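For reference, chains read A, B, C and D in written order, and residue numbers begin at 1 within each chain.
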Amino acid sequence: MNKITLLMHCKDQSGIIAAVSNFIAELGGNIVYIDQHVDREQNIFFMRLESEFDNDILDLEHLKDTFKNGLVKQFVMKWRIYTSEVQPKMALFVSKYDHCLYDILGRYKSGELNVEIPFILSNHLDLKPIADSFDIPFYHVPVTKDTKPEAEAKQLELLKKHKINFIVLARYMQIISPKLINEYPNKIINIHHSFLPAFVGAKPYHSAYKRGVKIIGATSHYVTEDLDAGPIIEQDVTRVTHNHAIEDLIAKGRDLEKIVLATAIKHHINRKVMVYNNKTLIFY
Amino acid sequence: MNKITLLMHCKDQSGIIAAVSNFIAELGGNIVYIDQHVDREQNIFFMRLESEFDNDILDLEHLKDTFKNGLVKQFVMKWRIYTSEVQPKMALFVSKYDHCLYDILGRYKSGELNVEIPFILSNHLDLKPIADSFDIPFYHVPVTKDTKPEAEAKQLELLKKHKINFIVLARYMQIISPKLINEYPNKIINIHHSFLPAFVGAKPYHSAYKRGVKIIGATSHYVTEDLDAGPIIEQDVTRVTHNHAIEDLIAKGRDLEKIVLATAIKHHINRKVMVYNNKTLIFY
Amino acid sequence: MNKITLLMHCKDQSGIIAAVSNFIAELGGNIVYIDQHVDREQNIFFMRLESEFDNDILDLEHLKDTFKNGLVKQFVMKWRIYTSEVQPKMALFVSKYDHCLYDILGRYKSGELNVEIPFILSNHLDLKPIADSFDIPFYHVPVTKDTKPEAEAKQLELLKKHKINFIVLARYMQIISPKLINEYPNKIINIHHSFLPAFVGAKPYHSAYKRGVKIIGATSHYVTEDLDAGPIIEQDVTRVTHNHAIEDLIAKGRDLEKIVLATAIKHHINRKVMVYNNKTLIFY
Amino acid sequence: MNKITLLMHCKDQSGIIAAVSNFIAELGGNIVYIDQHVDREQNIFFMRLESEFDNDILDLEHLKDTFKNGLVKQFVMKWRIYTSEVQPKMALFVSKYDHCLYDILGRYKSGELNVEIPFILSNHLDLKPIADSFDIPFYHVPVTKDTKPEAEAKQLELLKKHKINFIVLARYMQIISPKLINEYPNKIINIHHSFLPAFVGAKPYHSAYKRGVKIIGATSHYVTEDLDAGPIIEQDVTRVTHNHAIEDLIAKGRDLEKIVLATAIKHHINRKVMVYNNKTLIFY
C-alpha cells in the first residue's frame, strides 16, 4: 500500500470536499483521513487528506498533474502532496546543551521518527562525542561576529550537499540569518524555553523566576525574521512553586523542552502542519 | 441559516465521503465540519458532518427521506440527523450533593448550555431551595427498597410528560433500573468520582486514599446495566500528595466532577458523541 | 480545639525553627503544620506554622505579646498570627459577567469557603438578580469618568462600614484607584483572563487568538498600581487548537477563570499566602 | 559545606520538632529544609529535614550516635540519616524496550542524576550496543523457566559485588522473585505502563484501548510481592481520543513512562521518599 497526504487551502467555496473526494475515488484511492477547517475571519478553507492506493494503481506524477490542471485551477488552491515513500532529511543544529540532542537521537534510534539525519552541526565541539556515539556525522562550524557570513555560507553548503528538507535548532543559541530563513521558510524548527509570547529573548527562566509565575513553559515554533515570533507549533507547561530556584526551573524546563520539541518535529515529519498568517494549523 | 448535523456509521467502503459530500452539495448545503474515523479492527467507518443551508432552501423532511432511500440503503448506514432549531430537553436527577447542581444551573443561566431543563428530580428535599432560587420545577420522589418500583414509575411518567430527551445524574447516588436504562439507551449521563476503571463502586475517594495514588480523577459515562462500566464520555484528573486527607480528596474532586460532567453534557448537547462497542467517539 | 496560624519572615539566621518550636511547645501547643523557605538570593527566611491548643489553655493576646516582646525582637521578624475562630469578611466586586459570581456563590453556599460575604458591589445592575437569589446584599455603584471619585468614596464607605478584610474582583472590569489599593495592600484579588505576563491589558483572548498560542491561561493576582503586574497567586492553563475561534477561547477560558480565582480565594482565606518582593509564597 | 538529610517517623507527640531543631542547632547545623506530616488516622508523625554544616564541624558518626542514644530513644523513632557526600549506586535492569534506557542514560550523562551506574543487566542482548555506546558495563543474564533460580543467583551476586543500593526496572518485563525483593525492600523501582490501580498486569495499553478511556497513564512504584501493588512513587497521564489506535497509545505512553520513571528515580536519589503502610510520602 502507498499513502499520499494532501494539504491544501483556498478561498472558502461550496463543493470543495465533494470535488476532492470524487477525484480521489475516481483514481481508486480510499480516503483514510480527512479534516478541514474554515477560517471564518479570512474566509479561507483548509483541508488535510490522506488516501491509500494499491501500489500498482498509484501513478503519483499523473495524480499530481491531473490535480494541478483540474481542481487546483478550478478552486485556485495552494497545495502540496506528499507520499509516504519519501523520508524527509533533517539537520540538527546544536550548541552546548545536550538534553534535546540526547532525546531526539534516542527517539531516532528507537525508530520513533520517520526521518533521516544526515548530520549534526554545532558552533562548539562539546557535543561531538554524542554524535560519534550515535554514528552520525558531526560538523563543527564555529561562529564569531567576524566569521558569521563564512559560517553561514558553510552551513548552506552542507544543507544543499545533503539535500536537507528541514532544520531543527535543538538549543542552538545563535540567531539565524534572514538568508538562511528565506531558504527554509517554515522549515526551521526552534525550541524556546518559555511559554511564548511571555519572556521573549534571552534568559527566560530568569525572567519567569523574577516575575513569580506559577507555571513555566516551552514553545516550539518555526523561525521567522522576528525573534521568537514565528508560527507556534507546540507548547507545554509545568507547575512551579516559590521553592523552585532558577536552577530548578532550568532543570524542570529541560523535560518540557524535550517533549515539546519532539512533538513539533513529529508533527512536521508527519505532514500535520499548515502555516497561514503566522499561525499553524495542526491536523491531529 | 439553518444547520444540520449528521452522525453515521457503516462498514468501511470506498467512496462514502464523496457520495455524502455530493449529496449535501446537490441540496445546496455548505459543509462546515467534517470528520471521520475508521475503526480498523472492526472495519467500521464513522462520520460526523455539519452543513449549513439557507433557511428557504432546507426542507429537512425531504432531505431525510432522500438520504434514507438513497445513501443509507446503498452503504447500509446507521444514521441520525439533527437540526440546530430543536433544543434538547434535559432532566437533572440529584440527591444531597449540591456542587454539580450549582455548576450546571450557573452555566444554564449564563446561556452556556443550549438546552431546556424542564425539571430537577431528587429522592431528598435538601436541594429544593436551589431549584427554587433558579426557578426550575423540583419533584421530590423518595426511593426506599420497598417503594423503588413506584418511584421508577413516577420518574418515567415525569420523563414522558415533559418529553425529556436525556437525563443527567448530577451525583444522584441511586442505582438506575434496567427498565429506565432501556428507555434511555446512551441517554443517561452519570458522573463517577474516580478515574475509571479504577475504583468502581462506592467510596472511590476512600479507596484512592488507601491505595496512595498520586493523581485522582473523575469520569462521566453513559449508564448501562453494568455498574460504572458504560461508555466513557470524558475524564479528567488532578494531582494529590500524601498531605491530602480523604476530605481533601473529596474537596479537590468536586471541581473535577463539575468540569467533567459539564464537558460531557456539552458534548452530548452538541451532538458530538457516537457510541459503538461500549466506547464513545467524540468529534471535537 | 483552637488553631493558630503564624506567618513570619526575617533575615536568615541559625536557630529560628528551634526557637519558635520551643516557644510553641512551652505554651502547650502542638505543631500540626510547619513549612519554611529560604530565599537564597535575598537571604530571607520565611515560615508558616499551624499549632493546635486546647481551648482552656490558649490565651491569644498573651501569646501575641510574649511573641512580640521575645522572638520578634530577637530575630527582627515581620509576622502575623491568625486564629481559626475569626472568619474573614470578603466583598465581591462584579460587573456584567456572571460565571465567576455563580461559581463563588455556589461554593459559598456549599460551605466550601470559610468566609463571610457581607455584600456584592457592581457598577451595573445586571447581576442583581443573582445576588438576590443567593440572599446577599447588592450595592449598585455606577462608575463614569466624571463620577469616579464619588464612586470610590462610596465603595470605601461600604468597605469600612462592613469591616471588609479583603476584596475579590470577580471580573469587575474597572481600574482600581491607588487610594483603594493602598487601603487594601495585597488584599484585593483580581482574575485576569490570560497567562500573565503574556497578554496584559484588555482583550487577552483576542490577542491569544491572533498570536496562535496552543495553550491559554488565567491568572489570579493581588492588585497593585501596575496594571496586571501584581504578585501572582495562582495560574492555570488549557489547550486550544486552530479550531477554536475567539468565542471558543472565551468559553474555555471561563472554566479556567472560575477555578483559578476560587483557588486563589481559598489560599487567601486559609492564610497560605505570603507576599515578598512582588511575588507570593504559597504554603500548601 | 556538607549537607545531611534526616528522614524519621514515630508516634505523634508534642515537642518533636522543637527537640530535633534544638539538636541540630546545638551541633552547629543550619536547617535549610524542614517538612513534616501527621497521619491522623494512624497517629504517626513523619519528618524530613536537611541541614548544612561547615565541613570542619560535622562529625557524622558522632552526630548519628548522639541522635540514636538521645532523641531516637526518647521518641521511639524509626530514622535514617544520609550525607550528600555519598553517591548511591543504581543498577539498571532492562529487556528489549530502549526508550527508558536512552532517557535515563541521557540524563545520567548530562549530570542530571546524582548517582553511579555500575552496570546494566538484561535477559536479552538487544540493548547491549546502547550500554556500549554510553560506556557502561552490560551483563547478559538470560532467564528461562528452568534457569530462573540460577539467573537470580547471578543477579544477586552482581548486585552484591557492585554494592548496589537500589535497582531500577526500566521496562524489564520479568517478575522479580521474593528473595530479591526481600534483599532490596522499597529499593526496586518499577515503571508500569498504566494508571494504577487500573490495568494491572500484562498489556495495559490493550486494556485501556478496549475500555475506551480518555486518559492513559504510567505509574512508578516500589516492587513488592503483590504484582503492581507496591507503594506508588509517581504517576502521570496524557489525553487520548478515539483516533488513537493501540500502537498510538503505546507511542504516547513511551513519553509518560520516561518522565514518570525519571521523576521517581530522582525522588529516590534525593532521599525525598518515605514508605509507610504501602504508601509513599514524597517530600518535595
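In this section, contacts are C-beta pairs under 8 Å (C-beta built on N, C-alpha and C of every residue); 3 or more make two chains touch, one makes a residue touch a chain.
This one's a predicted model, so the numbers in the text were calculated from it and none came from an experiment.
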Which of the two pairs, A-B or B-D, is linked by more C-beta contacts? B-D
Is the contact between subunit B and subunit C built from the same residue numbers on each copy (over half shared) or from different ones (under half shared)? same
Please identify the chain with the largest separation between its CA centroid and the CA centroid of subunit D. B
Centre distance in Å when subunit A and subunit B are each reduced to the mean of their C-alpha atoms: 38
CA centroids of subunit B and subunit D: separation to the nearest Å works out as 42
Find every residue in subunit C that makes contact with two or more other chains and list them. 241, 243, 284
In the complex, the residues of subunit D that touch subunit A are 98-99, 102-103, 105-107, 109-110, 112, 130, 133-134, 241, 243, 251, 254-255, 259, 262, 284
Can you check the complex and tell me which residues of subunit D touch subunit C? 14-15, 17-18, 21-22, 24-25, 29-36, 38
Show me the residue ranges of subunit D that touch subunit B in the complex, using the header's touch definition. 37, 40, 195-199, 211-215, 217, 231-237, 241-243, 245, 278-282, 284
